[in-house]
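For reference, the structures are reproduced in the following blocks.
What follows is chain A paired twice: with chain B in the first complex and chain C in the second.
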Partner chain A sequence: MKKLLAQPASGQRVSVWLLAAALVLYPLVFSDAFYRDVGVTFLLAAISASAWNIVGGYAGQVSVGHSMFFGLGAYTPLLFYTLWGWPPLAGIPVGILLSVGLAVVIGLPTFRLSGHYFSMATIAVAELIRIFVGTWALVGGAIGLQGPAMARGWWDLTFRGDLPYYYIFLAVLALVLAVTFALERRRFGYYLRAIKSSERAARSLGVPVRRVKLQALALSAAFTSAAGSLYGVKTGFIDPDSGFGILVSVQMVIFAALGGAGTLFGPLLGALILVPLQTASNTWFGGGGSGLTFVLYGGIIVLIARFEPGGLFDLWRRLAPHLRRRAHAA
Partner chain B sequence: MVLIQVIVGGLLLGAVYALFSSGLTLIWGMMNFINFAHGEFVMLGMYVALLVVVWLGGGPAAFGLAAAIALFALGVAVYALLIRHVVRGPMLAQILSSFGLALLLRYTAFWIFSANFVSLPQTSLAGTVAVGGIYLPVAQVVAGLVAVTLTIALHLLLTRSTLGSRLLAVAEDRTAAMLMGIRPDRMQALTWGLSAGAAGIAGALLATAYPWSPSVGETFGLLAFVTVALGGFGSVLGSLYAGLIIGLIEAISAYWLGAIYKDIVVYGLFVALLWLRPQGLMGKA
Partner chain C sequence: MLLEARDVSKAFGDFRAVAGADLTVEAGEIVGLIGPNGAGKSTFFNCLAGDTLPTTGRILFDGADLTRAAPEAHARAGIGRTFQVPTTFDDMSVLANVMVGAFLRHPHRNDAREHARRIVELTGLRADQPARSLGTPGRKRLEIARVLASGPRLLLLDESLAGLTPGELQAAIALVRRIHQMGVTIVIVEHIMEVIMTLTRRVLVFNQGRVIASGTPEQVVRDEAVIEAYLGRGARRQRE
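Right, the complex of A and B next:
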């Protein structure tokens, strides 16, 4: 019996190691600049979607304005560099602190109310910040900010070529997933799932609902902010739309929801499918393709909501026994 | 004198905000559901008006009615095909359904109509009226008055008619309503039709006075959130007052601070409301 139970787990462990090996080797096998760029984009998408997943997936508090944390993370290092010449590396923790502070400011009032308030508040606050930043000259206004053009040292995080970024991003992704994995198995993870399935029931069983939701949001905001910082230093440029725009939030939601919100590898799977698709549609249709990409995104989100709210992982979990049985029969 | 003109203009625009926000608050009150695509319904109403004028040469009455009917039909279709299946499902599915719909409608509109701003060709509502020394565009006055009338009519429909009682009965207790011989699905489809129809007419009214592009849906959607948050979720009368207040605040802050800052003031008000009085002026917690 024990052996039987351990078997799928060891199978999973093997696939996780295979995945890790594939991700480590990818840029060495595909050394072309284009493929490395796709790889870096994929990792960034996977990091931010996994960060969103902590509060949106596990706790079931659907934020549609996570770009506010992403933008804060992207702006802070570049702002401190522009104002005082700080190395971007020093600005990243400040961005994380600001994001956690913002998370508390939003979470405190809205988590007293039903989940819809939280969703509405996130989209409105993200929009408020985007417009505000666009009118504020100190932070670059509508034009935005630039990072260091030439590195003064490794702490400027300004590298030629994508390879250093790739491995930094991969390390951060591993960290996010490791933290999520650890939470999943602790009491905190059970609290989150209890809140997701029924807040009232969780409260009646003594789960400190508001505090747990707030902690999940703060953790999610911290990682999202880090993702934004990585984007900022990698691109070396940030403006209100690429930092705080609604599409930044949309991507996090759709990557996580397609793969499976509230599963460890769901956001990764979503990014693995959609990032190449997005790159392909931009290459095929040129600049005009980006509009079409978002038509497609909208369509995918609607279809997920209507037919598979659990995402692809959930679909697989239901289909896998049937397929296995058919394979045995054949 | 300029200030009075600004105030009256703000109230007239606020009345149109009230009309489309009453559609959003209706869905929230009846179904406990937030429609992220509501602003896109307003935007589509504007394009329906444009198409009716350009293709059919219709006047204001024709394109207003066309926008109402087209959006009513869209609202019913959206309910039947999408919302009905997710509304009792998990929270994630509820929010994703209307959020995805918003993206789909917005970017399809970008694709079809391009991102350029358009405006209605000259209609019979051109020109200005002078009342007591202030000058207002006819289109704006008509839009404001029609919007107030329709919002009050919607309020009366909900509170004074048998149909309104049926809608409320379904919202109160689905099963009990069914036992009384009311068909919940039909009532909720009607709710979606009314909601989208109100957004459609509001769009047609706005189209007479302002140029627009597909991205206005996002702006109006957020404005509707702010209005509903101020007026209280589920209260049509509340959203009438709130719409007027927000129109006024917008006009005055645009006049004193500049047009870019009016959005900051309005969204700032929303954030302040969330902290101080999340149930709104007239709402229940």
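Right, the complex of A and C next:
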């Protein structure tokens, strides 16, 4: 955090508490179903982008295939419900375990690659899984799976309104950020940033690079899987595209990169800007708006890559001293 | 014997960058490694640091065979190195850079930070300065600080003193002396003869991938083969 906000420590703490209070109060102030839905969508995007951020941001291993963990997390509870009537709550940890296992299996070979090659390999794996799931009848094929229509108990995580989802999602987001914050300050966090900067130098200092990267991917996969599960139980429906589609992966990358990859609150900031924008374009342009989302993402990628690789947090960190000086002068 | 490299070779295709090089280093020595550009010094260094897998030969450190061990295993065993082109962690502060090294022997953050602070002070850097804002001399100094924090018994310095102004050079030489006095054995690759002359008692001259001469710095600079390697055949004759 010290790195994030170039401001006095007390100022940071105040902004974090203000943010937390705003997020807790938001659905109570905006009780309209539409606004609550936007809030839930925002939280979900913030969770998955923050989860991606652990390996994609801090460790600089830009995975564009995180939908494989998201999809696995979304499918597992619904699959176990469909097959054996398991409550979704019981399927979530299984999804997380499967995702961690997948992360290790995928990470071992792909971490031999670096830079763009790693990114492309992750895309390829996620796409293969998407196509495979689309043809596998047991998991619903191209049609997908459905969750419980009526709740048998709270453990089915099937609620009428958005409010319970909102607070569950908020709690999970808080957990992801708390874990990231704790890791950032420990040896593990320093090692991740060292790896991002120069793997060769990190190894020369005794950093077990492959193990650290694998741990980061596994942790990131676990949280991404949880995000997928939340999406699955909230929507009550999952198909190959909404679970394993490339747009799911790209969204995580864009949200994190816009706000600031490798910063604690960067992904949250990215989601805070892009989710309302996306909702607005969907509302104004109807079904045709989804294509526009891609155009918007493309534009953002170009702008970030060209002008602000550090994202908005980085921009702010550089501008803040100037603005403050100007404020003092005025 | 602290380090023993026996008959080390490294071939890239048909080209043998290192061709049967030997090096033994006793604990407490400062050994200089000189030679013309392209003599294979850096490749040999990379073999010693585990960064490059030698084609043939063996590398023993304190009795343990590290020939095929990964660079991180070399660091753990106590071999530290700097890079010819400095590779600092530019997104981090000076202190954080040094902490990455310190974490090797101090897993807890507060211990690592305390240790790193002492090293930063010793090397005369500013702890809170972003690594990005350092110039080349600062980066080289930071690299030394970083590897020093990892607690090496043997330090491989790859042209860490190149490109410094005369004033900076004197400070850097003093720093290397301090590190040596702390009980760290040093192998130093350097082009600047002043550094070699003042710091080392024993010099090995590299040419075309092998050691062509060794001895005290004074002996080596008068060696026929060395003069020929640097200046070409007949240089001695023309001079006389």
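Here are some notes:
Going forward, the second predicted complex is superposed on the first by the 319 of 330 C-alpha atoms of A that agree within 3 Å, B and C clash if a C-alpha of one lies under 4 Å from a C-alpha of the other, contacts with A are read in each partner's own complex, and residues count from 1 in each chain.
We take it that a contact is a pair of C-beta atoms (placed from the backbone, for glycine too) under 8 Å apart; a residue touches a chain by one contact, two chains touch by 3 or more.
Worth saying up front: this structure is predicted, and the values here are computed from it rather than measured.
When both complexes are overlaid on chain A, chain B and chain C end up sitting side by side without clashing.
Between the C-alpha centres of chain B and chain C, as seen from that of chain A in the superposed arrangement, lies an angle of 70 degrees, given as a multiple of 10. When the shared chain is aligned, no partner comes close enough to touch A:12: not chain B, not chain C.
Contacts of A:31 after superposition: neither chain B nor chain C is touched.
After overlaying the two complexes on the shared chain, residue contacts for A:283 are found with neither chain B nor chain C. In the superposition on chain A, contact is made by A:298 with chain B only, not with chain C. Of the two partner chains, chain C is the only one that A:205 touches; chain B does not reach it. Judged by the touch definition given at the top, the superposed model places A:62 against chain B, while chain C stays out of reach. Taking chain B and chain C in turn and counting the residues of chain A each one touches, the greater count comes from B. In the superposition on chain A, A:121 makes contact with chain B only, not with chain C. No C-alpha atom of chain B lies closer than 11 Å to one of chain C in the superposed arrangement. Shared contact residues on chain A (touching chain B in one structure, chain C in the other): 196. Against chain B, the residues of chain A that register as touching in their complex are 56-57, 60, 62, 64, 109-110, 112-117, 119-121, 123-125, 127-128, 131-132, 135, 196, 246, 250, 253, 257, 261, 291-292, 294-295, 297-306, 309. Put simply, chain B touches chain A in their complex at residues 28, 32-34, 36, 82, 85-86, 89-97, 99-108, 110-111, 218, 222, 225-226, 229, 260-261, 263-264, 267-268, 270-271, 274-275, 278, 285. Listing the residues of chain A that touch chain C in their complex gives 185-187, 190-191, 193-194, 196-198, 200-209, 262. Against chain A, in their complex, chain C makes its touches with residues 49, 51, 70-72, 74-76, 80-81, 83, 87-92, 96, 99-101, 103-104, 107-109, 112, 146-147, 150.
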